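In structure tokens below, several structures.
Each of the next two complexes has chain A plus one other chain: chain B in the first, chain C in the second.
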Partner chain A sequence: MAQKRASPYPYWFVLPSAVVFITLFLVPTLVSFWFSLTRWDLFTAEYIGLDNYRQFFKEPFLVQGLINTLIYAVTTSGAKTVLGLLLAVLLTSGIWMQSFLRSVVFFPVLVSTIGVGITFTVLMHPTKGSINIALSYLGIDGPTWLADPALALYSVAFIDVWKGVGLATLIYIAGLAAISPDYYEAARIDGATRLQQFWRVTVPLVRPATVTVITLSLIGGLRSFDVIWATTRGGPGFASDVLASVIYKQYQAGFYGLSTAGNVILFLLIAVIVIPMTAWFQKRELDL
Partner chain B sequence: MTRRQRLIGLVSLIVATVVFIVPFVFILFMAVKSKSEAALFTFTWPTEWFFVENLIEVVKARNYMLLLAYFNSTVITVGAVALLIVFGAMVGYILQRRPSGWNKVIYACVLMGLMVPPAVVPTIWVLQGLNLFKTLTGMVLIHVAYGLAFSVLLYRSFIGTIPRELDEAARIDGAKPLQIFFKVILPLLKPVTVTLIVVQSIAIFNDFTNALYYLPGKENVTVQLTLFNFQSQFRSQFNLLFMNILLVTIPPLLVFIFFNRQIVAGMTSGAVKG
Partner chain C sequence: MKLTHSAAFLAAFSMVSGMAAAETTLSVLIDNNPETVTLMETLAAAYTAAHPDVTFDIEQRNGGSEGDNLVKTRLATGEMADVFNYNSGSLFQALNPATTLTDLSDLAAQANVVDSFKPTVTAPDGTVRGIPFGSAMGGGIYYSRKIYAELGLSVPKTFDEFMANNAKVKEAGKVPVATTFGDTWTSQLFVLADFYNVQAENPNFAADYTANKAKYATTPGADRGFKYLEDVFKAGYMNADFGVAKFDDGLRMIATGEAAHYPMLTFGIGTIKQNFPENLNDVGFFAQPGPTADKNGLTVWMPSALYIPAASENADVAKDFLSFVASVEGCNTMIGATGATGPYLIKGCELPADVPPAVADMLPYFQGEGMTAPALEFLSPIKGPALEQITVEVGSGIRPAAEAAALYDQDVEKQAKQLGLPNW
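The block that comes next holds the complex of A and B.
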């Protein structure tokens, strides 16, 4: 039998990656569906049906965590998209010190989240924090930020936006650079004002960047853990708990089955939101 | 530059300074203050600078734990980034050079890797079964598993720009597949490799969540975990806590100053294509 000449691109090149990815990512993801149906201590797993899920939707603080996750993801993603676009427009308009300003806005993205979280817990201190002291100079009685159950989640979201808006801005700057100046020229000749140019030219043509920013920040927001853990640890009470912090708390408490059920819920939540959204964005793309 | 642009620039500069720079200046001031002055939390110029004293005290704390943490974090980062480069480039290479039905499977995996949140407790279960739980090796492999998707995407698109004729020429000269890959292809991927090194090493150095789950225990402590643990230990010594924050902020700052271009390339790659 004639031996087939070996391809210079052997499939086994994929093998090292496949082994690591399958054992440490795919297998845990697949078995999580089974373990979420059990009472589990890592050694023995006892099948208890959907009890973990029932508990998840019965306990008020767990339900609160689910709702908070959605609020947190939508707030941070929305703020990053809007502020990112505005900052990108500003930072591409040829203003003074433009490249320095770009660096300043982007740098927090690269800094340790834990470091940022601790810094802001001090800055947001109700009485001694610099933010409230600055507000008091303006005659405003500042809120208690992270200590106020009604406000804690939004205070954390603010820190998240502060840290992450630079990435959205960067993606938008790249998107704006891809728009041909001819469109603006044409719009100007037709007598469009700057505001009209923004709404009629910039916003529609920068759409690919918008899709990226929304998708990335929404997935990131739904999975968010470290900013919350470095600032409030889900508190006060359960006021700023999200799915990721619930998963960690249940893990710490030894409820591995329940923790894993939380993981499956987070996975399903991301899938249910992101997959239709991506499909919708693509359909709109074709319509345009 | 018009007067209007200069004016907008000036106003933006003032706002950006207050919003984005003040917190970093605050970190610096807190880090050099005395214990009692730092406890006031005020945003004021330090009356006395205790930079060296605070630095020494932080490094000495808990029997030089910070040095151990820097060592561990460096080992994890270097190990994981090295594997991400070689493994990611190999997959990207096969994806681009030898399209087959498997490509769809690989792309599905890449998409999952970017989107699906890791199932933490089952991962611990797997790591325990492999005797990799609480080990640096385990941590390195976790980072490889989680970072591969990004790495493969980045390499795949770049390999498309390298002409196949180069592979052919090497093959005719008698090079084996591994030789073609390591001696011809990998060196040509240097621009992407640099970008990947910079972006991934910052991400892995800053990683907190994964170390919290998969690497508990004093002997394996990483830089971010040290910082988190000091948060409770230094409750009354905010100057030391902030000196620690300053120390973890400096490495990304240096990388940012030297590799600004690569970071921007990495963070926006593929982004605009949608």
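The block that comes next holds the complex of A and C.
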């Protein structure tokens, strides 16, 4: 593996994709590093060294935004992993209308995030929303889901999970299908209960799927923006602000250099978290 | 393009009526506030009636920070429409007007424009770049004349009187202060509309603030607006759904008598007229009361302006259209379109006698000496972008008022640095 093999393709063969990659990805990335060092108003850019980074870290909402980002990424990723696995087990158990139910679980993934956000804003309205009206029949006085500072972030995380769990389920269904029935048969012969089969056979053997689900949903959670923007816009106040919404608000305010610096920081943060994590997972996989 | 246009112009001038002239289509970008749309559509129709060779292509955009973003991006990329509307004052300054907008200093119609408006659309190089579009607005408090009559209340001259009224309204089982944090910008009113009172106590505040010498947190009285928000929250004077209610809900509450007060700019009158015409006479207006009754005046917002981007290919036609808007005839066209919602900044443009009560309540402030002050954003180029989030926090009891004022001072620093102001 260490030895580099010559590519079987001639250079002109990769040229089209190289041009696309360089002009649309590599150049903008490098240019954004430059603009993050300037005071930029889209017309002129004045070099100001690391001032944008200093300003960004002085941002009073940044610390809360960072903490919220981590809470959001870990909750949504955790919930998607657990729920995704449980749903996948349910939906491969041969229950009634299995394929129909599979598509029902996957359906929210296909719907526009903005549409989902707007729908939930209506459902979660404190006095006129269906959720609180339903709760009131049970005698429960429902909270202000999206405008209560202690609750807003988790309400949005719930919406994100509802929308995204279908993808996790799909990956897990594929992972479960790859487990040979022989293992279950052997376990049954040894007298394992259904629960033991789940813990001792399913969970360890579905590992590659778990790695994929955690990695994808964690990256998604760390840079999550659309659900938050469609529901709370980071509010009330800054209670559900995440790194991406802080950056977007700076961009909206016309602080282009500052928000570019924020994006560079977000990029580094994701890299710092995800690269060691994937490496660790891969190493564990080899050990197995 | 230049050639064909001057040709079209020559042709239009020498043309006998009835003969086909070369046509020009002016593209126009405006915000999607229903009142703005009606104004522009009526103005465009009137102009086309007089100049059949000019037609309009009107495009709408969102308001708020999304709109700011779009306007800046389109200006920067040279994709801006031939004519567009945008705020005057501090937001205008953030457009980098000296390079992006056409100089309108020499427009003959500038002679019609009231002088106090011009500084709010003047680029740092001293040239005027816009003409007023719509009427001036007051920032203060709408009140339900119905509830006031039922409970025998009188218009408060101090904030304490205002809170005393609120107590009685609450006792009567109505909402004292309609609060609509679902549209975050509406949360800023108590702070921004208090500027008359701030300036009455600290006449140099605007200049010192721009020069980084005065702060909201440390200037006596400047942070009072934040405290008002806190007081209203602590007393529980808001509607139950205050965190998610929107601007339209606020107007509904004040128009139909669900709520007694709604802190807002007077431009909402146009929307009340459209949505609740039968309630228009139930809505009154007063300036935000301050600490003492002897200093009671109105914080005034300049109307937005119409601009022509420097890159426009139809600048000559666009200038002629703007001259029409800034004429008495254009002004009367606007009054005909939406009714009078406040004083227009065109000399010789008189308001009709039968204005809605909320407008009639506002006019005396303009007639009295020293009874109005422009909002801070028309005196200083800096306005922090996070003010609306901070005021939501204070008004929802998340952050204490004193801390909020200091936080806002920090937020403002970014805007000042972005503009490259001295001393920051």
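Note that the second predicted complex is superposed on the first by the 277 of 288 C-alpha atoms of A that agree within 3 Å, B and C clash if a C-alpha of one lies under 4 Å from a C-alpha of the other, contacts with A are read in each partner's own complex, and residues count from 1 in each chain.
The working rule: contacts are C-beta pairs under 8 Å (C-beta built on N, C-alpha and C of every residue); 3 or more make two chains touch, one makes a residue touch a chain.
Computed from a predicted model, the values in this text were never measured in an experiment.
Peer 1: Quick check on the chain A-based superposition: chain B and chain C, clash or fit?
Peer 2: fit
Peer 1: Have a look and say if chain B or chain C is in touch with more residues of chain A.
Peer 2: With both complexes superposed on chain A, more residues of chain A are touched by B.
Peer 1: A:Leu42 in the overlay: touching chain B, chain C, both, or neither? Say first, second, both or neither.
Peer 2: both
Peer 1: Does chain B (first) or chain C (second) touch A:His125, or do both, or does neither?
Peer 2: both
Peer 1: Check the residue A:Phe61 against both partner chains and state whether it touches chain B (first), chain C (second), both, or neither.
Peer 2: Once the two structures are laid over each other on A, A:Phe61 reaches chain C alone.
Peer 1: Quick one: is A:Tyr11 in contact with chain B, with chain C, with both, or with neither? Answer first, second, both or neither.
Peer 2: It touches chain B, and chain C stays clear.
Peer 1: What is the contact status of A:Tyr251 with respect to chain B (first) and chain C (second): first, second, both, or neither?
Peer 2: Both chain B and chain C are touched by A:Tyr251.
Peer 1: Which angle, in steps of 10°, is spanned at chain A by chain B and chain C when each chain is reduced to its C-alpha centre?
Peer 2: 80
Peer 1: Mind working out whether A:Pro236 is in touch with chain B, chain C, both or neither, as first, second, both or neither?
Peer 2: In the superposition, A:Pro236 touches chain C alone.
Peer 1: Could you tell me how near the closest CA atoms of chain B and chain C get once both structures are overlaid on the shared chain, in Å?
Peer 2: Nearest C-alpha atoms of the two chains are 5 Å apart.
Peer 1: Please write out, lowest number first, the residues of chain A touched by both chain B and chain C across the two complexes.
Peer 2: 42, 125, 128, 251
Peer 1: Hey, which residues of chain C end up touching chain A in the complex?
Peer 2: Spelled out, the residues of chain C in touch with chain A are 65-66, 68-69, 72-73, 76, 94, 96, 99-100, 181-182, 184, 240-244, 385-386, 389-390, 392-393, 396, 398-399, 407, 410-411, 414-415, 417-418, 420.
Peer 1: Taking the touch rule as given, give the residues of chain A at its contact with chain C in the complex, in rising order.
Peer 2: Chain A residues touching chain C: 39, 41-43, 46, 51, 55, 58, 60-61, 121, 125-128, 144, 146-149, 233-239, 249-255, 258.
Peer 1: Show me the residue ranges of chain A that touch chain B in the complex, using the header's touch definition.
Peer 2: 6-11, 13-14, 16-17, 20-21, 23-29, 31-32, 35, 40, 42, 90, 93-98, 100-101, 103-105, 107-116, 118-120, 122-123, 125, 128-130, 133, 162, 167, 170-171, 173-175, 178, 207-209, 211-212, 216, 219, 222-223, 225-226, 229-230, 244, 247-248, 251, 256, 259-260, 263-264, 266-267, 270-271, 274, 281, 285
Peer 1: Touching residues of chain B toward chain A in the complex: what are they?
Peer 2: 1, 5-6, 8-10, 12-13, 16-17, 19-23, 26-27, 30, 40-43, 83, 86-88, 90-91, 93-94, 97-98, 102, 106, 109, 112-128, 130, 141-142, 144-146, 148, 152, 167, 171, 177, 180-181, 202, 206, 208-209, 212-213, 223-224, 227-228, 231, 238, 241-242, 245, 248-249, 252-253, 255-256, 260, 263-264, 267-268, 271-274
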